[in-house]
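All remarks here apply to the structure that follows.
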Amino acid sequence: MNDVSLIVKVVAYILIVPVFIFGSYVILHGHLSPGGGFAGGAILATLVAMLVITFRDDFKENPHEIFSILECIGMIFFILLAFFGLSSSFFHNFLVNLNGLFGKPVHFGVNPGYLNTAGVIPLMNMAVGIEVFSALSLIVLMLSMRYGGERK
Amino acid sequence: MKMARVVTLALFFVFLLITSLAMRPFGKPSNTGMDDYFIQNGQAQTGSNNIVTSVVFDYRGMDTLGEATVLFAAASGVLLIFQRAVTGGKHE
Amino acid sequence: MIDIQFLTVVILISVGISTLVFKKNIIKIVMGIEIISSSINLFLISLGYREGSVAPIFTNAPSVKMVLPTPQALTLTNIVIDLAITALMLSLAVLIYNYYGTLSMKKWRLVERCS
């Protein structure tokens, strides 16, 4: 059943690094440009879909456990970031305007965009990005697998 | 039986048409107080240039928590449905 | 005077609901739900538009007159939840096909199997 042609495999090898860099860029610049955790996670999941289509016959077993663990890690990280602001309220932005990590103050108006801003929002973008990437990869892996059950 | 479905759908279509005739004109939103507050104060309060991100992750963080929970539950459901096929039926 | 955006939403919702009512195939029903969800996205986005505005992002923006940000956030929520329910519906369709051998609702013969 190994009928994936050489052209598809070579193009998949070439596309791994640019797609990964583009997805990571969209996640990390979520507070400065269009995108964010959901869009970047979906872009990274298209990478997994491409790899599944191309190299499905080379897998000995379905690698779904690593995506389950990553999904739980992203979810727990997101809820913990929400709980860390509990000194004021749930989902309080506790890092903004402190001149620390992601804490550069921003005033109203058009600016060229500074990466070290927005407090807890980039960390939440990373957590949601990991969670969406793992959930979509899990769904793609499960739906694309050859089903071995008997048919009636 | 099929005639009843067609008549019901036609009535629903007419209802939607009348509703969209009664809408306000496109491009002129009426109550924009909350959104103007977000645009004016979002940068100073959350530090984010992207106002949509600041609404999603800061002003309406509870929404995003529920959304992530729904996605988590859907992935868990898909994993539960196909788990028997993955392990070949010999799950301990 | 009816606007072309709201007329498009009305037509898309009617197409989706007639798909739900008249079709018997599971995959076509999922497609109908997708059409309804996309028309809801279009409705929310066209509700939040303000004439002569730009997207609500301040990075090198041409002006500070911006469209409403809250409907766009709700559209993001709707897209993700739509994706989740689509994945669950397609998984259940795979289960149904493996159990009954068909995707058509007319040929299920549920009573015969349960008795």
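The letters A, B and C name the chains in turn, as written, and every chain counts its residues from 1.
In the analysis below, a residue touches a chain if its C-beta (ideal position, glycine included) is under 8 Å from a C-beta of that chain, and two chains touch if they have at least 3 such contacts.
Note that the structure is a prediction, hence the values are computed from the model and not measured.
> Name the chain whose C-alpha centroid is most distant from the C-alpha centroid of chain A.
Between chain A and every other chain, the largest centroid distance is to C.
> Counting C-beta pairs in contact, which comes out ahead: A-C or B-C?
Higher C-beta contact count between the two pairs: B-C.
> Distance from the CA centroid of chain A to that of chain B, rounded to the nearest Å?
Distance between chain centres: 20 Å.
> In angstrom, rounded to a whole number, how far apart do the mean CA points of chain B and chain C lie?
Averaging C-alpha atoms per chain gives centres 10 Å apart.
> Let me have the rounded angstrom distance from the C-alpha centre of chain A over to the C-alpha centre of chain C, please.
Here chain A and chain C have centroids separated by 23 Å.
> Which parts of chain B, given as residue numbers and ranges, touch two or more other chains?
Touching at least two other chains: 43, 49-50, 52, 56, 64, 71, 74-75, 78, 81-82.
> Check each residue of chain C and list the ones that touch at least two other chains.
Only 57-59, 64, 76, 80, 83, 87, 91, 94 qualify.
> Two or more other chains in contact with one residue: find those residues in chain A.
Residues 32-34, 36, 109, 111, 113, 132, 139, 142-143, 147, 149 of chain A touch two or more partner chains.
> List the residues on chain C that touch chain B in their complex, please.
It is residues 1-3, 5-7, 9-10, 13-14, 17-18, 21-22, 46-51, 56-59, 64, 66, 68-70, 72-73, 76-77, 80-81, 83-85, 87-88, 91-92, 94-95 of chain C that touch chain B.
> Spell out the part of chain A that touches chain C in their complex, as residue ranges.
Touch residues, chain A against chain C: 32-34, 36, 38, 109-113, 132, 136, 139, 142-143, 147, 149, 151-152.
> Which residues of chain A touch chain B once you look at their complex with the stated criterion?
By the definition above, chain A touches chain B via 30-34, 36, 62, 64, 68, 71, 75, 78-79, 82, 90-91, 93, 96-97, 102-109, 111, 113, 117-121, 124-125, 128, 131-132, 134-135, 138-139, 142-143, 145, 147-149.
> Quick one: which bits of chain B touch chain A in the complex? Just the residue numbers, please.
Residues 40-41, 43-50, 52-54, 56-58, 61-62, 64-65, 68-69, 71-72, 74-75, 78-79, 81-82, 84-86, 88.
> Mind listing the chain B positions that touch chain C in their complex?
Against chain C, the touching part of chain B is residues 5, 9, 12-13, 16-17, 20-21, 23, 25-29, 32, 34-35, 38-39, 42-43, 49-52, 55-56, 60, 63-64, 67, 70-71, 73-75, 77-78, 81-82.
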